[in-house]
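Next come the structures, one after another.
Each of the two complexes below includes subunit A, the first together with subunit B, the second together with subunit C.
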Partner chain A sequence: MTSPRQRATAEFVLDHLVWFMLAAVLIVFSLFVPNFFQIGIFANIIEQSTFVGVMAIGLAIVIIAGHMDLSVESTAALAAMLTGILFCARGIGLGITFTPEWLVLPISLLLALAVGGLIGLINGFFTIKLKMNAFIVTLASYIWVRGLVVAISGGRSAQDLAPSIRVIGIQTFLHVPLIAWIAIACFAIFSFIMSRTPFGRHITLVGGNPVAAFRAGIKVDRLMFISFILAGAIAGLAGWLLAIRTSGATANLGTGMLFNAFAAVVIGGVSLKGGVGRLPGVYAGVLLLSSIHTAINLMGLPAHYTQVILGLLVLAAVLLDTLKLQIRQRFA
Partner chain B sequence: MSGDPLLRLQDITRNFGAIEALRGISFEVQRGEVLALLGDNGAGKSTLVKIISGGLKPTSGSLYFDGRERNFTSPADAKAEGIETVYQDLSLCTNVDVVANFFMGREIVKRYFGIPVLQEAEMEAAVTRAMSNAGTRIPSLRTNVEYLSGGQRQAIELNRFVHWGGKLVLLDEPFAALGVEQTRRGLEMIRRIADQGIGVIIITHIMAQAFQVADRIVVIRQGLVAGNVARAKTSPDEVVRMITGEAQLGTAQETRPNGPAA
Partner chain C sequence: MNRLRRLLTMTLAAAAIGLGSPAFAESKGTIYYMVPTLLDEFQTESVSAIEKFLKGVGYDVVTLNADNKTDLQQSQMNDTILLKPAAIVLAAVDFNALQPSIEKARAAGIPVMQFDRQIKATPSDFTSVAGTVEIGYVAAGEIQRLLKEKNGEVKGKVLQVLGDPADPYTLDIQAGFEEKMKEFPGVQIISLPAMQWEASNAGTIVSDQIVANPDIDLIFLHAAHLSVAAVAALEAKGKKPGDVMMISSNGAPVGLDLIRKGWLNVEVEQPLYAQAAAIAMFADKVVNKQEIKPGTYNVLGLDSTLTIEPWGPNLKIPGAAITKENVDEPRFWGNLKAPTDPVTPVQ
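The block that comes next holds the complex of A and B.
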């Protein structure tokens, strides 16, 4: 009925659907949205994708491993607030400096990663050691970590981050700020880890069938723990970047990002069943969302419509995930 | 077949709360021997398999493997010592391809600057060789296992343990989902493995299969060894009586009396 080549083509299109969607959307917007087709706009889309993108990496890894992490947004906010309080000069900032001055960059980064990793460790402890449901554990973290951010800041904000850190938010390379390049580098590195190393392979295996992986001698619990810590640390990185971009932190920084990250992960082809998904697809999902966001702004529509479109996109993505199997069976 | 037995179980017990699943199991497996483990549903066969393969710890008793007493804490432990297990509910990850399943947990890697990188081409070549040696045809080794039939999946499992060899192979109801022809090939494969000096324990409740392939038949009944006989010295009728508990203790306990003191 269908030749192997047709089948291979269908498989390829299904696996990389988000890229086709991204290409289609960019072409349509370029043709019909005034002022969309310019380098500045594309650079802006990439820059906008930085924070949600980085956050989505960790979220995707945990979901591929067969779990869930709703806490990434609050974790990022905590890392941002910590960076803000310690290294901002005004507001609630303590304005800590080092000599030489550039030392603040690696130290603040390490702190952000550590605090994120710590939240991940706590999530992992309750989920893996105490065998609690990851959804509930990380929902609780989503709430209490944000609460902690509000508490330690007293609801106030920190401004004026040291210029020696801000440089990576301001400097551009090929019209794109360095922080966006950091996000792209993260995607490249973690895509490689997930698809080409035993660690990534084992995460995928565990997400598909933890019992089989355990029997094959894979240390499932350890791997799950690492994926939670990784998701936390990556969220910490997202928060650090966010603090740099906004040159400080407010108590409500990053609110709503979880849903964007979640949408990007699902649209990017990561299955909520676990074990299925590719990180480049997730990045395409983030770019897709940013493109739509930008187009809506350019058309002068109220920003609230983005949320409606976002919701519909997530619904479509999940529907597609369900339909994929049926489409595949037709071609099999 | 002289010297130490490959595997020796001594008074293995296992309780689940108040339930005594195993009440003192002892038997031996020699190198190159195919031992069929029979018993009714709930007799304790699967619990015993899990203990030998490291997935469960016995409540008491000792397990000697390859000349030393062992306390396996995980399947990885047992595997490292050379015990391979094929479970009845298949241990495959259907979300990845044949090659990834074949090398699950033992991927071939090459280190670049200390970072292990999967060697896909090398692994695919190894799987291709293993599959063709066994006469198994799968259209593409890059197909996700979810699109393969039950027989093809079983073949992957069987070929996987043949490939990895080891010293002892445990097969838990390996032919439950197979057709006649595939079962015959599977049984032949088991014989070939044993001929290489590997010990094989096959759990089944199909009498014909046990008699076709086993050198020795051990019957478990209510958590105890109800019979341990050489295949050549018994008959299906007698084994059925051991399973149902009607056997005369005298004939059934040919080697090592271990049942309840009558």
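The block that comes next holds the complex of A and C.
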């Protein structure tokens, strides 16, 4: 027999397990990894979480809505490459400028969001309107969009992004680069949207049980369509940030980020079955992965270890998810 | 009516000119170029260069991109063998895994030429390389020079950013570099790989290491596109050109731009144009299965040594160290000024 207080404590721990894991990992690394415990390294971890983190927001929304989006990595790459081609001064960059110069910042951002949104729209159309399987549709997008990146760049790279955009990658606030603050802001905004607005709650309902949601009068197709467009646009934002970080774009930019984003989403407690998950948990998942990457860098271990640890973490996360269910049943 | 006649005359004249041009001359056959990937500038430019030079000596060229997948390149080899081309030019994704495919092609009577990536495990009909291990040697020499200039002797801390650790290309450069640095115990080398040759991974490594080891003297990156992200990471840490010495390899346009901006001290060039021109120079000999003689050959102005090795005729073209002093020379492929003079086949 458990008291309500014990049950509440257990619920709290289970709901925020990934944050406890993150805290534990940071403490262990700070104690045992040379040079880890310093502000610069923590700032690096937050900065490095930016791209996978932003990408993971869109991915998590689609997964919570009960679908899948494998195209986010390629969409980000396309947005990065377009930003690079249009606004870089060297390589294949066209070096487009505006007067006043700062206009390049909102225009490039809007363009990246629009391109991402368009890919999301295409995914949504095939998945929702034509009732095709989201896994296959977005897998196809993952392939053709990356192909498009290679085609428009000719395999070449763009570099030397306009200084008025680069400023976001260079300037810091409280030791943390502005690009990382953008990611934090995105998590805050979308966490609010997902937990406190009818839109977010309906997305979760639809992901949990689309038939029940439909019977309750929720416009299921419309919401799912929007979730795909959002995922695409957010991936576009991730690509824009990536181009800023690397001061340009190469044809293979962002390769491998999809799997990191997936890992973060799963570790963060989002159920791949849909209807369950919170974005702050996803951010904790991204920070956890980034901390592990950084520790491995500092220890000078072969990078393969990152993949091994990543795989084991995902497995552990899924295992914990199953255990959480059993523990909850025990406390109920 | 007059207009129609004029149009007809012009069309016939254009056709006559076209038929007389080399494009309509009889082809010596089709050569397939197996490019490992189109996701890096060296490989992309190699396609243009090989197609240009081989067409110049009378061959049609078909390029197949393996997308960095060994199994895909093996399938492409199998398919191509069935088409019985005049020859295959292979830049292998995996140096060892392609061995059976090379043997299969040669058993079917199709000559195989190796481009850029040397395969020693089985004989080929011709190999044109700068030598990946040698790139490591050149980089080591330049790094020793830079460290001596800075610290008075060859000592200090070097961050080596590799490409994907599953790629033998980067491992060869590392082997060459570390072999030459062994004799300098005062040099501490920190080696970390940028998974999948992805630029932001290199940026992450540099950004972490520059915080953990602020006394890093020099960063050696195994590809120019990685140095762009490394520079962005250094900039974000408030560094200016020259604060940390940098070297990268392959000679891509982005690397040359970074030399001009003062970020990169040296770019170790792979002589792409010469490597591609050599393929065209020896194509007739290879296709007609004629003997290739060892010796020194002038390839686009570079004295290159051809030796007969257990894996076949091997032409080694010297790589160059590009610095601020010589960065604008058109011979460097990173300036993207492909030689316009046709290649003369070796007689």
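We adopt the following convention: the second predicted complex is superposed on the first by the 332 of 332 C-alpha atoms of A that agree within 3 Å, B and C clash if a C-alpha of one lies under 4 Å from a C-alpha of the other, contacts with A are read in each partner's own complex, and residues count from 1 in each chain.
Everything below uses one rule, namely that a contact is a pair of C-beta atoms (placed from the backbone, for glycine too) under 8 Å apart; a residue touches a chain by one contact, two chains touch by 3 or more.
In this text, all values refer to a predicted model and were calculated from it rather than measured experimentally.
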Checklist line | Which partner reaches more residues of subunit A (counting touched residues only), subunit B or subunit C | finding: C
Notebook entry, point to check: If you stack the two complexes on chain A, which partner ends up touching A:Phe214: first (subunit B), second (subunit C), both, or neither?
Noted result: first
Margin query: Applying the document's definition of touch, where does A:Val286 land relative to subunit B and subunit C: first, second, both, or neither?
Written below: neither
Margin query: Is A:Ser157 touching anything from subunit B or subunit C once the two structures are fitted on A? First, second, both or neither.
Written below: second
Notebook entry, point to check: Which partner does A:Ala60 contact after superposing on A: first (subunit B), second (subunit C), both, neither?
Noted result: neither
Check: In the superposed arrangement, which partner chain does A:Thr204 touch: subunit B (first), subunit C (second), both, or neither?
Finding: first
Next item on the list: Flag every residue of subunit A that touches subunit B in the complex, lowest number first.
Entry: 196-198, 201-202, 204-205, 207-209, 211-219, 274-276, 328, 332
Notebook entry, point to check: Which residues, counting only subunit C, touch subunit A once they are in their complex?
Noted result: 38-41, 43-44, 165, 190-193, 195-201, 203-205, 207-209, 211-213, 225, 228-229, 231-232, 235-236, 252-254, 257
Item checked: Touching residues on subunit B, where the partner in the complex is subunit A -> 53, 55, 74-76, 79-80, 85, 87, 90-96, 100, 104-107, 109, 115-118, 147
Notebook entry, point to check: Can you name the residues of subunit A that touch subunit C in the complex?
Noted result: 34-36, 38, 40-41, 44, 47-48, 51, 90-91, 150, 154-157, 159-160, 166, 169-170, 177, 242, 245-248, 250-256, 293-294, 297-298, 300, 302-304, 306-307
